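Two complexes follow with subunit A in common, the first pairing it with subunit B and the second with subunit C.
Take a look at the complex of A and B:
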């Protein structure tokens, strides 16, 4: 990897290992790098410990989505999903356990996969991407058992309401759809850009991030990032953040959001922006919280740079991992 | 005092009348005839001791008389009484005695004085005599010393030893019977022999001179004869030249070259030999490529006309001989390389000059391309030829106060590392001593370096040509590369201009390049402006000297509905990586001389896509679109950061995502 490639690298996806000691990150060249958080966070960390312990080419296209199950790392490339065993990755073995491809109708261009989530209720993998449809794969058998159709443009993001058994999807067409995964039908469809308080026509109408927490939903993208009450299906607070948000998460009584602009925004549920924490990349694609373990509780953000910023305390950047 | 003798005379007279009875008596008894009385004679006969006793008795008697008179007077005797008178008479006699004694003592004193004086006179004379004698002794001693110290001239003459003398000298000169025992005679004889010998040698010298004169005259004559031959010979040589040339046997040139080459310093000599060898090897390998050969010619004396401090001048002195290598390319352009050897620094430097086959004037932005100062920069990575590669030079510089060699490269040429290698010089930081000049090192570098040099020249000439059309806003695309671009590209190159390093550093949208250390002072910097309608795309280009091996690096800034750059807009960043990262698609036929123009053309094409899809995506705009959608795109956005389809698929002619 030359300096020019590094200069033009973007990191799209991250996932922590189930043990919480490793971080996998995927970039626009189809590479996945595995970083050792325990080494980088140890008191005697050096510059070398901020470099990946393992880098391998997983896909041809960019790695837009990464996901960890209890034992495996799932990565999504151009129209294909590969699984890598965390145990094997620990031994530097970079052979995919399996690679699956949803049944796409189009043949001219292979659709990308933008989002993946695990539905733990029936142990299935929910995949959304460039063909406007949501594919559901049974993790037991490895077969794609159903397709949720309804969006008119490609799907940006997915989220799961476990209690209600609903899947939420945000797409380029500007709609947030809620699906019943048992029946495979669209339950609700919220066209966010049609709400005057959220709409930002100068950007566009797409929805690039969705997150849920019981009765609450966060969504943003072209329209402003907004908090919705799902039972009443109405926006309760609008966050006045400039630029388009690409990822937003609930954390305790705070909301963390990243997108265009070199900072992580801390928002209060009431609608005010509490802080904007500066970070290295000029714009951010992904934010991940490592909450599974107590010892390596960190937030990592990455975007249009080869560097991944690590926050040990959420209010300032501690250091950067780099490809 | 004059009265004294008179008094004496008087006393004498008186004496003679009525002297004391005692002397009268003596005289009267000794010689009665003598009538005169001589008191001095009397004096001689008297004993001073007796006189002294007499004096004492007289004084006593006088004292008693005085006492008696006083007694008498006290007892009431009358003045002029008999007893008193008698006593008075006695007293008078005593006085007379006293007077006589007084006189005698005076005379004795005088006599003693005279005697003393006389004796003193005598002593003085003797003393003077002694002094004279002493002086005489001293003078004589001095004379003796002088005589002893006298050096004769003959002592300085080197003489043959005595044994040799007796052996060689004829008997009439050596005269052994005389000289055996007499060193004086011996010396004289030896001197005679010396004289004899010297006379003989002088004679011999004279005759030798004569012979020499004769021989010189002979030489002169022969020389004259030889020089009379030269014009004839030259005429023959001149006549043979066309024949040599016709048979392509450059004997004479090679000979001359070899003769000068003998005086070259070792590094330049190694360079010459290796260059010659390589040149001949190339000839043999590719007969069809006969033009692509090297020629070596030696040049003029070095002229350094710089006003330097004497010491620095001395340190930076170059060898009077320099080496010129001409590197010819197929198209007839020639790269002249002048190699110099700095004797005191023990490094080689090089200056370059290009003579192109075609006329190269016209392009303003191309000025730097063939600048002899920077032409050979970074032939190998990081070899910018500013600092001396010899580590010992630093200490030498410290001594004369030179801070950096870079101040002198304009005059002395650049000390690139490859030049040292070609000359067989290698400096390693571990061992500061200079290693021996090694031909093998030069040989191992010769081929690759010549290839690089030729590649550099070709790429610079190609760029030169491209720049002149770029300045006229034409992006030349060769037929081999037509398939990379759609037939219709609306965006046009509006400007192509050179930029300085400082200007580049100040560009806000190129800061990431500067921070990543990808813009160095040795690079060339350009500003390209691509326009379509109201949109204006600025592209700052970093052109590495090793182009086309190193891809030119573009940084973009788009002025259209506000300003965006690769930092703020992911699509512009993707556009940057389209031109910067995927060089393998763009370089065209080897060695990739069309890389830059293809990059610019791709920039124009991608700007079209950017503008056309942007207006389609942005629903907020009203009225007729400025840029109607003409490019065929499968999808206008893809992925989380909604990238536009910048990849052109050739036969079908549509745009897709990477």
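Take a look at the complex of A and C:
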């Protein structure tokens, strides 16, 4: 890969392997790189261990979403979902296990897939993207069993409330919709930009990140990042972060958010910004926490750069992995 | 009685018995009496007593006697010294013996006694004899104590030494500014030694802190990943703090800067917040545990790294180390070798980093601002100590200056006369002919100023010559052409008079209407004084006609006319007597007002007195115009011609 490609690289998606020792990252060239965290975090780490152990081209378009199941790595690009076995990847075998396409109404245009989540309750894959609809695929059979229709513009992000059996989706039309996955109906629709305290007309109305934690929801994008109480459907705190936030997660009693600007924002639930931790890429797209295992509990962030910053302690950048 | 041969054995036995006796009664009296009654030479007796005191102490130690007994024996020896029956060093020897032989916890109590008696040790009879003993004793104790375990006791000993010795005592001072190079911070430099990577127990070879963890059979997998990159760089810095001279080496400096930048970037990014330890929790900590926990040495296990980074006290330690290092690098230290100088890049980096460090200190809770201010203050004070050391530790006790002559205040700049005349032929060369000429006119500026050529004030004669001439009526100068009418001339005249003429300050009761009048008067006075050929008579006589009958002139010359004479007191008494009750008739003619008359009436019942008061008030009002002439006129007008007659004739 030439220097120009490196310069213009954006990393859109990341996923940790189920064992927690590997990190997969997808960029705008359709490539997926697999990094060995255990090597990079070991005491005898060298520069070489910050390079990917494996790089392969997964899709023709950018890799917008990556997801790990117990055994597989799922990647989504333009209109298709591919699955790779982690075990095979470990052996440097880069042949896709399967590739699926949701049923799109028209075959003229190939809509991109922006978000995927696994619904463990019925072992299904929830996919949202450019055709404004949410497709649900049964992981057992590999068939698309239902479509959730309601958004009027493309979907950016998805989140799951497992206990309530709800799927949350944020879209370009500025709405956060809550779906009952059993019935396939939209149960709520919050149009965040209509709330004066969240609205930022200069950025637009689109919702680019949604995260949930029991009765609480975080959403942001064009409107300011805000914490919502889902029972009362009202915003409780607004975070005064500049620019649009592209990913936000709950972690213990903190909220980590990334977006425009070269820093990870640590916010308190009360609405104040506790710290902004500097990092390498000038703008960030994705943030991932490796909390699945006891080892290598790190946070990684990536964005408009070929560098993926690793935070061993969430308060400072330890080092960067790079494509 | 012939001087008996001194019997040592007998003396010692006797003294030992007496000492035991004294110990029981806890007074030195029995010892005193035995000592005084025993025959023999003073010196011999003294050394024998010293010997027996030490013997008794030895017995006590062997018996494992109570600490109190040791202390009372020492007290007895102290009073022995003050009574002059044993040598001054004995109490110190006893103390040394006791401390050498007792376990540390008992030493603690003995030392409390030593601390309490600091004033005794400092008294003249003990100080010179005992200071070396005490120093040795303290150093012995310090050597026995663990630097990390007995921090409090060590601190007490240091404090005691500080109290005992004067400030300028050099014995405890690091005069050469040497570093404690043995203070090496051990950490995992080698990857293979890591506890995490290998999880084997071979790490114990160095006996480092992390060896403890190797003992565990199955080390629990650590949930927090360790940033070895930072870990190594962070602890590597300690080596620079241990031996700052390394910073002057080019390559070490580059690594130092690199590591420091990374470490400080982490500190900057990793903000600590006050809310982490809630207020309540902190209060609990204060009440329960008391003071801050102190470690004599950093714990360098990599597993602690993460906790240390979030510990505000730890962070303060590191930041403070930076400031201290920078102070050394910047500062003037006498024993720093001459090639230890920083270049501009280094200095500017250091300045920036110092700012950053202070910034970080301020951000570090709790009370970051206060802490940073305190640190800055302390480091400033340290500068003074540094200067003191550079000057060779001069004593702080100022000698009273014996010379009574007040010293000349020092001048900021060297006076010209200090460096003038240093050139050839005492000539100062200014590098320019004209300047050289000017500078060499007179080497002493004060002398030059005193020279006659600098005298610009004219003499009285010179200045007033014209005015005197014009004042002469014989010259018939019209008033308006007189120089005294010129205000410029008047001003200069006044100034000159103030400098040269005694008349200027003479009190006068004359009232001058204008400067001109006054000047003319003065001119006339001057003319009289000046040794001139001008016949003074002429001036005197001509006045009346030529000076337009000025009152002041009338008064200033001795005109023989009675009328112009002022009314004297006796004359007023006489008139008042004659006027009696009729004084009120005269009042309107003397322009005395109704209100004044009423006042005079109210003041006194005696008519004669009232008349006198009326006249006095008139005289006060008229002042120089209160002449006999005007009074006579008034009397005549009021119809008291009979009274006035007597005066106008005389």
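Going forward, the second predicted complex is superposed on the first by the 322 of 323 C-alpha atoms of A that agree within 3 Å, B and C clash if a C-alpha of one lies under 4 Å from a C-alpha of the other, contacts with A are read in each partner's own complex, and residues count from 1 in each chain.
Rule of thumb we're sticking to: contacts are C-beta pairs under 8 Å (C-beta built on N, C-alpha and C of every residue); 3 or more make two chains touch, one makes a residue touch a chain.
Note that the structure is predicted; figures quoted are calculated from it, not measured.
Peer 1: Counting only touches as set out at the top, which of subunit B and subunit C does A:3 meet: first, second, both, neither?
Peer 2: Once the two structures are laid over each other on A, A:3 reaches subunit B alone.
Peer 1: Is A:172 touching anything from subunit B or subunit C once the two structures are fitted on A? First, second, both or neither.
Peer 2: first
Peer 1: Kindly classify A:298 by the partners it touches after superposition: subunit B alone (first), subunit C alone (second), both, or neither?
Peer 2: After superposition on chain A, A:298 lies in contact with subunit C alone.
Peer 1: State whether subunit B or subunit C is in contact with more residues of subunit A in the superposed arrangement.
Peer 2: B
Peer 1: Is A:205 touching anything from subunit B or subunit C once the two structures are fitted on A? First, second, both or neither.
Peer 2: first
Peer 1: Regarding the shared-chain residue A:45, is it in contact with subunit B (first), subunit C (second), both, or neither?
Peer 2: Only subunit C; A:45 stays clear of subunit B.
Peer 1: May I ask you to decide whether A:278 touches subunit B, subunit C, both, or neither, giving the answer as first, second, both or neither?
Peer 2: In the superposition, A:278 contacts subunit C only.
Peer 1: So in the superposed three-chain picture, is A:109 touching just subunit B, just subunit C, both, or none of them (first/second/both/neither)?
Peer 2: Only subunit B; A:109 stays clear of subunit C.
Peer 1: For subunit A, which residues are in contact with subunit B within the complex?
Peer 2: These residues of subunit A touch subunit B: 3-8, 10, 12, 61-62, 64, 108-109, 112, 114, 130, 154, 156-157, 172, 201-206, 208, 246, 260, 282-283, 285, 304.
Peer 1: Okay, in this complex, where on subunit C does subunit A touch?
Peer 2: Of all residues in subunit C, those touching subunit A are 188, 191-192, 194, 196-197, 221-230, 265-266, 269-271, 273, 275, 302, 306, 309-310.
Peer 1: If we count contacts the way the header does, which residues on subunit B are in touch with subunit A in the complex?
Peer 2: Answer in residue numbers: 512-513, 516-518, 551, 553, 567-568, 570, 573, 576-577, 580-581, 617-620, 634-635, 637-642, 656-658.
Peer 1: State the interface residues of subunit A toward subunit C in the complex, per the touch definition above.
Peer 2: Residues 41-45, 268, 274-275, 277-278, 294-298, 312-313, 315-319.
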